[in-house]
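Every chain is named by a letter (A, B, C, D and E) in the order it is written, and numbering of its residues begins at 1.
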Amino acid sequence: QDALTLQLKWVTQAQFAGYLVAESKGFYDEENLDVTILPGGPNIAPEQVIAGGGADIIVTWMAAGMAARESGVPLVNIAQPFKRSGLMMICPEETGITEVADFPGHTLGVWFFGNEYPFFAWMNKEGIPTDGSEGGVNVLQQSFDIQPMIQGQADCISVMTYNEYGQALDAGYGPDNLTIFNYTDMGNDLLEDGLYVMEDTLDDPAKVDAYTRFVKASMKGWAYALENPEEAAEIVVEMDDTGAAEYEHQLYMVGEVTKLVDAADPALDMDTYDRTVQALLDQEIITATPEGAYTSVVTDALK
Amino acid sequence: MTSVVSAQNLGLTFPTGDGDIVALSDVNLTINKGDFVSFIGPSGCGKTTFLRTIADLEKPTSGTLSVNGMSPEEARKARAYGYVFQAAALYPWRTIEKNIALPLEIMGHSAAKQAERVKRTMELVNLSGFEKKYPWQLSGGMQQRASIARALSFDADLLLMDEPFGALDEIVRDHLNSELLKLWARTEKTICFVTHSIPEAVYLSTRIVVMSPRPGRVTDIIESTLPRDRPLDIRETPEFLAIAARVREGLRAGHSYEEGSV
Amino acid sequence: MTSVVSAQNLGLTFPTGDGDIVALSDVNLTINKGDFVSFIGPSGCGKTTFLRTIADLEKPTSGTLSVNGMSPEEARKARAYGYVFQAAALYPWRTIEKNIALPLEIMGHSAAKQAERVKRTMELVNLSGFEKKYPWQLSGGMQQRASIARALSFDADLLLMDEPFGALDEIVRDHLNSELLKLWARTEKTICFVTHSIPEAVYLSTRIVVMSPRPGRVTDIIESTLPRDRPLDIRETPEFLAIAARVREGLRAGHSYEEGSV
Amino acid sequence: MNRTGLTAMQFALALLAGGAALLGLAFGFTSFGSAPQLTVFFALGAASLLRLALPFSLWLDGALMLFGAVALILALPEEGAMPAHFWWALVASWAFAWLFVERLSAAIRAGHLPETGTGLVIPVIFGLALLVAWEVITRGANVPPVLLPPPSAIWARMTAEVPTLWADFVQTFVKSVLPGYAIGCLAGLAVAIAVDRSPFLKAGVMPIGNFMSALPIIGIAPIMVMWFGFDWQSKAAVVVAMTFFPMLVNTVAGLNAASAIERDLMHTYAANNWQTLMKLRLPAAGPFIFNALKINSTLALIGAIVAEFFGTPIVGMGFRISTGVGRLAIDLVWAEIAVAAIAGSAFYGVIALIERGVTFWHPSVRGGRT
Amino acid sequence: MANRVIPVLTILLAILAFWYAAAIWMNAPWQDRLNARADLIDVPFAEFAAQTWAQDKPVLPAPHQVVSEIWNATVALEITSRRSLAYHGWITLSATLLGFAFGTALGVALAVAIIHNDASDRSLMPWIIASQTIPILAIAPMVVVGLGSVGLTGLVPKALISMYLSFFPVVVGMVKGLRSPEAIQLDLLRTYDANGWQVFWKLRWPAAMPFLFASMKVGIAISLIGAVVAELSNASGGGLGVRLLTGSYNGQTVQIWAALFIAAGLAAILVAIVGSAEKWVNMRMGARA
């Protein structure tokens, strides 16, 4: 068996249902893989973990992956099960915000820790300053929940369709009393949860083979989760070490996440890739067009 | 003569974990104005406790005690006495002059009056020149004198002194003994003085109270027949030696050689 | 007679922040086997320093000093002396018997020998029955005796005692004085004894060394003419009083009334 | 002591230093000339073994230490792993540094060198030695910079990012730490004085205060952010909560520090409560209060930074640290950590200095080092 | 006994009353919104108060909510369940104890080095103080990742972080303690020509005992903080810190408070255990009752 360690981007939740299901249902074993799944957290940078040799494969956002590549961690995208972004910005109607032009002068909650790039790319595109200058917006480092909106500390907050948006729905918010800016719908989405490995490992055919089997089994896991959301949610709850995952919430999340994932095709969509790279360049998050930041050897082998 | 301190059947018992300690029992004593009374007795016989009771630092558990015709508490509130503790108890964060001025500050004297009093009492105990020093910069004897100056600074008529010269060598002690006598003769204060030294007690006092422990009680009161004016070499006179011998007798009688009494 | 301690032109200077302090200067003294030498002098005249130098706790800065014919350091390593400090310095976490056994433990005696020695010396200082008590459960005088027992336990021929009876009242002191004399007479030890009390020095010693400060030096050495066997009431004899007067004279001469010397 | 005038430990260090240099010379022989300055260092270091026969000044050891460190850093290859014999240079200059420090402190103790000035050199050398070892190990062993950057990179980042660092410092230290510290300490002091007046309150509050001061107060950071919002107010609130209890507990203990006899003295003057407090108990509590002030000076900074992890406007040391890790700007993270450590040490130092001035009378200040 | 318990109870009651009042006040705005949305107007105060004490995700949970959460998450659950706070408490506790053991050992070792060696005294102390001004939460994730890359995961990285915090009070206390023997006590041993080892074991060590225990009490409480902080940076494996974190990210205030109270209880128990060890040693060393 080949041992692989997967570092997740966030805590154990249905956002990673495919991998958790594949592990739980033995899909990895079928591919002769021994996979260890490490949960992430707010202070864990998957890029740092893989650079230190603590993982073989990481799940991360392309913006963060590209930025890491420029700071000397040669990450390569090998597969991109997530085709769309789940990121949204929501503003309660009391704030009076109905369109982007209403933003200036308001406080917007944004997640940092590698999740801030889509927002800054968007603002950059709209020409709204974010440095606190006249006619710009105030940016707040937001916690990973909807408290800032409930308590009125921010006028708009970031949410994921599959997570915090659910909390907002629970709290009695909904499309009828919220203005929703969906990054994918606006065409401002940057590629989210992709699978990345270190560049030098791709020279080793045995490793590439292991990656291929890994992606294959993972996609099988995603497909399974798509068809059996209840069981997938149960698996997630079961595999969460912290005991914080709640079944209801995970079930909701499975439903939302599967809208973003294409279980049949893990290949990177080049249009979205090019747009992502362009946005990162515009925003000066990266300074040069990356070379060799993705490979299709794995996904090609699956075709 | 007016009585300054008057104790009738005074008793004081300390309750402790393993049984009560009778520190004073059935003490009857009257001290008149202008008296110089020494208390002598083995360790633990209640000398300090008696002084503390007069000063209203301990409450008697039986009998009555009056100070200047008042209760000890009223007397304390009227600032009737100056107390010199067995240890100097100077505040280390104050200079010597500030330490001496402490009671004056508390009693609300004006700055000018404070300065004048401090200067005068510092001269009296021979400490001039050390105003700005801190206590730890002085030798033990000088600290002791500063604490005497502090007790004198506000000019109370009653002085309670608990082994004030304990830490000093014989020569310095002799010197301070005669200074104290002079002060007493000049100011007509009433002085209660605790000591372990028989010659010191005899040399200084008009009356010597011999105490004995377990329970603490007065076993003998010796009136001194020495004249008020006492040069140092009075201590070699037969009269002096006779009184000393009588004190020693009284002391020895109260002294048991069990270990506990050491 | 063999000389146990011999000092020639001994000097010791402490360097301090504001200038050097000459604690000992030009001390010449020979102490023979079996001597009982008392050191007397005002505070700060170097008595303790001299004892500490003999004990190799301070290093002389000039002159020579030999103990039992060796350097002080060799003598210390040969465990030539027992030292009784001015304070009892018992270790509070050890029972009295353990405290007394401490030097024996360190010197590596067997448990049986330790037990036997501890028993013997505790009897000697009249502390039997208090073996298992902790220091704080004893009165000051008992603690002082325990520290004397500790110094006696390993039977050194030279005893250095720094005001061992300072904390005691006159009666107890008298008692211990005569006990010490008996011990000395029985064991033929050499004793160096620091005291502030003139009668005590005269009563105990074969020789009295009078010292004076600034700089610390020996001003007088008085040989006692009293017999070796001394009942307590020898202190009222004219011979005793004459020696005491001479010591007092020597002391007074060395005593300046400047403040610093108190 | 032996013929060289060194203690056993110094002697062992001297042998280690000279021996390591000798070995470096031997192992580096094949690549002779590639790093001339290192070769010179090895030669001089090996020559120091002559101390067995000749007297050898401690300053020579100091010079060798310095020369070795500089030569080693200059010789570090830009790319790839460090040649093996370089490690001997690290060992040798470390040993020279230790030996130098040993001999220096022995000289100070013996009074051959003045305490002031030279006494300060020793911790500085220790810190520099740590930095040199860090630099050499991270670069020499090719530790990925995203795990641990070398000090030179951190320093470069610090100088390049002064405005950012300054803004973060102002946000975190000036706006959050200082007010929070002042409020927390003053409140602790005031409550302690109030509580002290009533035995009933004291009996009730003290066990709870002791309990609270053992609490992982950091845990309340998310709650404070929830209550007081994202800006500095919530950080200051965390700082207040963290500093309050140490101050309360210490002050109450301090107010009881006055001895019975010192209190009796006040009693004999029939002094009122206020006089007793101002003239006796507060001054006597000084050392305890300063103890709390010192503990709190480090706690306050940590509390504010931690609280920033749970939400901030986009400025502040904690914000920069947490987002820096996310962006893999680890050198910036370490630059912030360095600023925090410097600010914290300076804060501590200032309090310790004030303490020396105010509690000059306390035996721990009068004599000896603190 | 009674005159110790009554004041504590009084204060506790006062705190509880204040807490309930604060819960009404702080939860009121959200409750107003909820009621408005449900078209509930003119809710009587008593009912409104009860509502604010029964919210799902209150700003400030009422004490009984916290207590019942603690009950449900400990006694009512299998101890091995990952939802059990007892399980997470045990994880945190084991890291705390290991870190405390490391920290005490390191602290004592450093203190011994400092008092026996002039050079280490002068060079170490300032840096030991400086080390404590480094924000531990900032380096904790890097320590976790760094140790993970050399194969150390799980308990050890957490314990090392807790050690980093807890060694400090031990060094400071022990340096003071080992230096606490008075000159005369040291001189005494010198007159017996005792060697360094004997001086250490017969004098310095026993004299330092009170200081050791005082600093261990502080140290164990800080160890717990260290373990919690380490868990904030390393969600895998669970622990009270992780519960705090996930509670915070899911807006589960009741869960946060419950985890906090369990941590507080643990701290109190640990301090009490060190306290009884101290009493026992004191008794063996014949201290005054």
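As a convention for this text, contacts are C-beta pairs under 8 Å (C-beta built on N, C-alpha and C of every residue); 3 or more make two chains touch, one makes a residue touch a chain.
Just so we're clear, the structure is a prediction, and the values are computed from it rather than from any experiment.
J.: So which chains are sitting against subunit A and subunit C at once?
T.: E
J.: Where the centre means the average of the CA atoms, what chain is farthest from subunit D?
T.: B
J.: Quick check: how many Å separate the C-alpha centres of subunit B and subunit E?
T.: 53
J.: Can you give the whole-Å distance between the Cα centres of subunit B and subunit C?
T.: Their C-alpha centroids are separated by 31 Å.
J.: Measuring from the mean C-alpha position of subunit A to the mean C-alpha position of subunit D, what distance in angstrom results?
T.: Roughly 40 Å separates the two chain centres.
J.: With chain centres defined as C-alpha means, what is the inter-centre distance between subunit C and subunit D in Å?
T.: So the centroids are 48 Å from each other.
J.: Counting only residues that touch at least 2 other chains, which ones in subunit B make the list?
T.: none
J.: Indicate the residues of subunit D shared as contacts by at least two other chains.
T.: Expected reply: 147, 222, 226, 309-310, 322, 325, 330.
J.: Please output the residue numbers of subunit A that touch at least 2 other chains, ranges allowed.
T.: Within subunit A, residues 42-43, 45, 48, 52, 143, 147, 151 contact more than one other chain.
J.: Which of the chains are touching one another, listed as pairs?
T.: Once each pair is checked, the touching ones are A-D, A-E, B-C, B-D, C-E, D-E.
J.: In their complex, what parts of subunit D are in touch with subunit A?
T.: Touching subunit A: residues 144-147, 222, 225-226, 229-230, 308-314, 319, 322-323, 325-330 of subunit D.
J.: Given the complex with subunit D, which residues does subunit A contribute to the contact?
T.: Its residues touching subunit D are 42-43, 45, 47-48, 51-52, 64, 67-68, 71-73, 110, 112-116, 138-143, 147-148, 151, 153-154.
J.: For a test of understanding, state which residues of subunit A touch subunit E in their complex under the given definition.
T.: Of all residues in subunit A, those touching subunit E are 11, 38-45, 48-49, 52-54, 143-147, 150-151, 167, 171-172, 240-244, 249.
J.: Under the stated contact criterion, what part of subunit D meets subunit B in this complex?
T.: 259, 261-262, 264-271, 275, 279-280, 283-284, 286, 359-363, 366
J.: Which stretch or stretches of subunit D touch subunit E in the complex?
T.: 98, 101-102, 104-106, 108-109, 119, 122-123, 125-127, 130, 147-148, 200-205, 207-208, 211, 213-220, 222-223, 226-227, 298, 301-302, 305-306, 309-310, 317-318, 321-322, 325, 330, 333, 336-337, 340-341, 343-345, 347-348
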